[in-house]
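Got some structures for you, see below.
Same chain, two partners: chain A is paired with chain B first, then with chain C.
Then we have the complex of A and B:
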């Protein structure tokens, strides 16, 4: 409630600027889903995307309001408040930033904004803008989506090719897996070239990352501080350099489209494995109907610390190996998801969708599941 | 099923709670706006009135300017008629020295008429003279014949006196006619010389008229272009004032907060090269475009300018602003194709998409 009042007050302050032109938009995703019973749910194994074998409308539903106002001819302010069903629809500030148009080709933003990691980062939560119900989780499910800092965007044409260059610096903080992940000295550069039907994008980012999960940190510290402090420092994620590399391609002739993205996330000195994820999606448009097919893959089962453990020699190597494997096992994932989606454009701002997905886990068959979802997306 | 109902109820409660928060927010904002922003509304009304009066003033200026243009046009017509008057009055200083010795043109006409009349008289006099000469010769023959016949002296001398008197009368009349004919010839010669001079003067006046027409046309074209550019600039300023006024009016209305992104006004002013080509065509260096939207477009606007033949003239990516200004660059090394040019503007903002097309015309040089 406190955050809601804060959001209301800030939005009201923005609205009461004497010469501001306020523009209010909103969007909502009303999503319900149900997973098959074959996925085993336990304290150590979450439901697939939060869905179990009972239909639920909370996991991915959200409502959002975005207010944008002109401070002057060159500067504007944007605020987005969002309420997610998984957070009991608690209203939270998603974005709040100022944008200054330096020239016709360059704009600078400051505040909290979406980290431009992916091709669809800016519209990730606007379900109406996508043909699928939710973006491929293998690629897009990362614990750092928003950045507090500065962002520069440059856009121009070279012949028929439009090129966009972007750079962002700042910090991020997010709660995940009962812990807090922080990224300091975060910087990211991106480049995109596109023409009428083809778009190619690449991105590189780096951050000093710290993941603080008290239980896990305590376990590592208790087990290794006395016998292998070096291995402890290696495994703990404390201001370790994380690297993010991404490439995306999209071909869209409007009648049909094909696209895909590949990402590689690695925090070298930590227990988190190197994550390689990619997806391919394709679809066709038949008037108001858009059927599509998506295949996504996630591979992150590399065991970290084996070389550092081997350096300890026996008997430590034998003694610590089970703990090391257990720690790595917590974050190891290797799965594929195959989805078929149908979208119907009911109106110019309302879309209805239905999707069925098959989740196949290569490490643990008990995680396999079939997920059925329906969605209503609208914008205003 | 029970769980579903419970989940649905909980979800419904959350939605209702969110809507209540939203309603409270708008209620709070409305109350605040009603009291605190009343002065703002008053300011808007006052500014509206000021802008309205300014618009009226500017409209009257435009009207006066249009009137001036009309006056210029009428002046040109007057000047054309003045040239004709120059022919009749010979008031131009360059011609006055040549015209100093010339009688007025209306006297030319009267002299011409006189000449025609005199010529007719001369012809009739010549015919009469010929008749009288024939009569004289026949009378002389009769005198000779009487002299030679030996008839009575009295009858002969009486006839002779009678014939001599008739002969004297005819000779006097003949001399009188000859004298008149000579005078008419001198007048005709004088009139011929006047006619030659008049023709020379008329040709000079025609050349002068052509020269004055050309100079006047160039002056009016240059003046028109300058005044047209001034009017265009004034028009753009009026349009921007009007769009600002309309924008401010829309800002205070709820519809503007949630309406679709649209172009409110669009203007394109071409900047021509100094040189022109032999076939009369011209080249354009650039076109200054101002596109005013009902609110600021998000992100960057992709602009494509196409020529009359559909080819792409320029493409740019422009940071969106409510009043977006940009310049379309042309190839000034060759003549610019005349006709209608299209400017396509689009954004990929998912919440406020834009895809519009506006047009402007590059007129022919003629």
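Then we have the complex of A and C:
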């Protein structure tokens, strides 16, 4: 299904070259960074993008090309390929979709596109379009970014207010932490109202989620199958319902702006803790300079399965508790990041940025570190 | 001599500023009632059609043109970098098609002659019978 959708979008986009009205755009982020300490942190628990105490330009640098063309008056095809430094700049099809403009206010897209979870989901990788070096990872770094499916967008005006409604359905699949996470029956609805200076957005989503991490799954199955099959089923993430709730507010007067987002992700019947994440950011624009400040918080460290285990009584409770704690130790995160960023508009398509972030881990302060980064963002 | 040149240049700059006024123009046959708010929404990619529901073709000038900066700040109320950032967001999310860009006022007029649904902006001094000025007040 997925491959078929990609192929359709691609064929439509390529066939269009004959009409000579194909639009090519691109963007690039060249980002270098260095952490103050050489920390040993598992990838599931590192909000510093893998930087260590040597300067690196590959963790976040990326290059992307987008081609789009009109199939007819109402239909267009878009393909975006993206090469990330962390993947040795291997070229990936990030997005490929067909959009059908039903009316001037409504469009339906089919294919692979960014899951519209957050206020800036769509333009997350386009560094030029925002004031940070990267969008706050506490909120934005989720293991399900791209959706294969359908999306409906509706927008209209009511007086000075613009409102946008969106719905998306489909599936996702992503490789993380030596495993694969899959979401079936994924759906998402969002609503946003905005005027000249204020924008408020809310989103609700759900997916039947399966996380296949062979080592972890084998451990849970081996330990619990015989003695506590109910607890095993509770802990394993197999077709379990994940729920996503998010709200965002932004005030932008163009001389200054302040905004924030809050998200809550919960896969109740699984070993993963419920995640609560939020950030606030504020900045001012002085001509070509945009200094800003951001504070973000991530909390997801509750130990799952304790109540279910307690119900089984002794001696299981004493015997299995250490295992629950060990699993929790792999996924638990509780941290804050405080950042100061400055953006300089070098040209109408090039921005230069510098950022210093202080990362403070509330579970293990040996992970604390300061991250310094510089970036060049380019669009064409 | 240098001072004379300086004075002449200064005078030229002053007179340029006195004359240069950006005006929004459309095809003379365009019957839509267009407000400043429509112009802002069209040039920021929030709307794709005129109030008459005809799809609009947006034509702009390059960031290197002083008139562009004037249009962005006076009519859109943003600086050019912000406008570019907003368009980057729309283009790379497939939610908008970047405006056509032409180099000069004459080319804007030519473009509008060739496309009845085009909307652009030029210096008021360049206005001729081939375009209709949109009243933004």
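The criterion applied here is as follows: the second predicted complex is superposed on the first by the 351 of 380 C-alpha atoms of A that agree within 3 Å, B and C clash if a C-alpha of one lies under 4 Å from a C-alpha of the other, contacts with A are read in each partner's own complex, and residues count from 1 in each chain.
Everything that follows uses one rule, which is that a residue touches a chain if its C-beta (ideal position, glycine included) is under 8 Å from a C-beta of that chain, and two chains touch if they have at least 3 such contacts.
These figures come from a predicted structure and were not determined experimentally.
Once the two complexes are overlaid through chain A, chain B and chain C clash, as defined at the top of the document. When both complexes are overlaid on chain A, the residue A:254 reaches chain C alone and has no touch with chain B. By the document's definition of touching, of the two partners only chain C reaches A:288; chain B does not.
In the superposed model, A:97 lies in contact with chain C only, and not with chain B. In the superposed model, A:114 lies in contact with chain C only, and not with chain B. Comparing chain B with chain C, more residues of chain A are touched by B.
When the two complexes are overlaid on their common chain A, residue A:345 makes contact with chain C while staying clear of chain B.
Judged by the touch definition given at the top, the superposed model places A:58 against chain B, while chain C stays out of reach. Only one of the stretches 257-265, 275-283 or 329-337 belonging to chain B overlaps chain C in the superposed arrangement, and that stretch is 257-265.
Shared interface residues of chain A (contacting chain B in one complex, chain C in the other): 23, 25, 27, 66, 68, 76, 104, 123, 126, 128-129, 153, 155, 157, 160, 162, 379. Residues of chain B touching chain A in their complex: 3-4, 7-8, 10-11, 14-15, 17-18, 21-22, 24-25, 28-29, 32-33, 36-37, 40, 247, 251, 257-258, 295-296, 298, 300, 302, 312, 315-323, 326, 350-352. On the chain C side of its complex with chain A, the touching residues are 37, 41, 46-49, 53, 55, 63, 77-82, 84-86, 88-89, 91-95, 97-98. Residues of chain A touching chain B in their complex: 4, 8, 11-12, 15-16, 18, 21-25, 27, 54-58, 61, 63, 65-66, 68, 70, 73-74, 76, 83, 85, 88-89, 91, 101-107, 123, 126, 128-129, 153, 155-157, 159-160, 162, 164, 379-380.
Across the interface of their complex, chain C is touched by residues 23, 25, 27, 64, 66, 68, 76, 78, 80, 95, 97, 99, 104, 109, 113-114, 122-123, 125-126, 128-130, 153, 155, 157, 160, 162, 254, 285, 287-288, 345, 347-349, 351, 379 of chain A.
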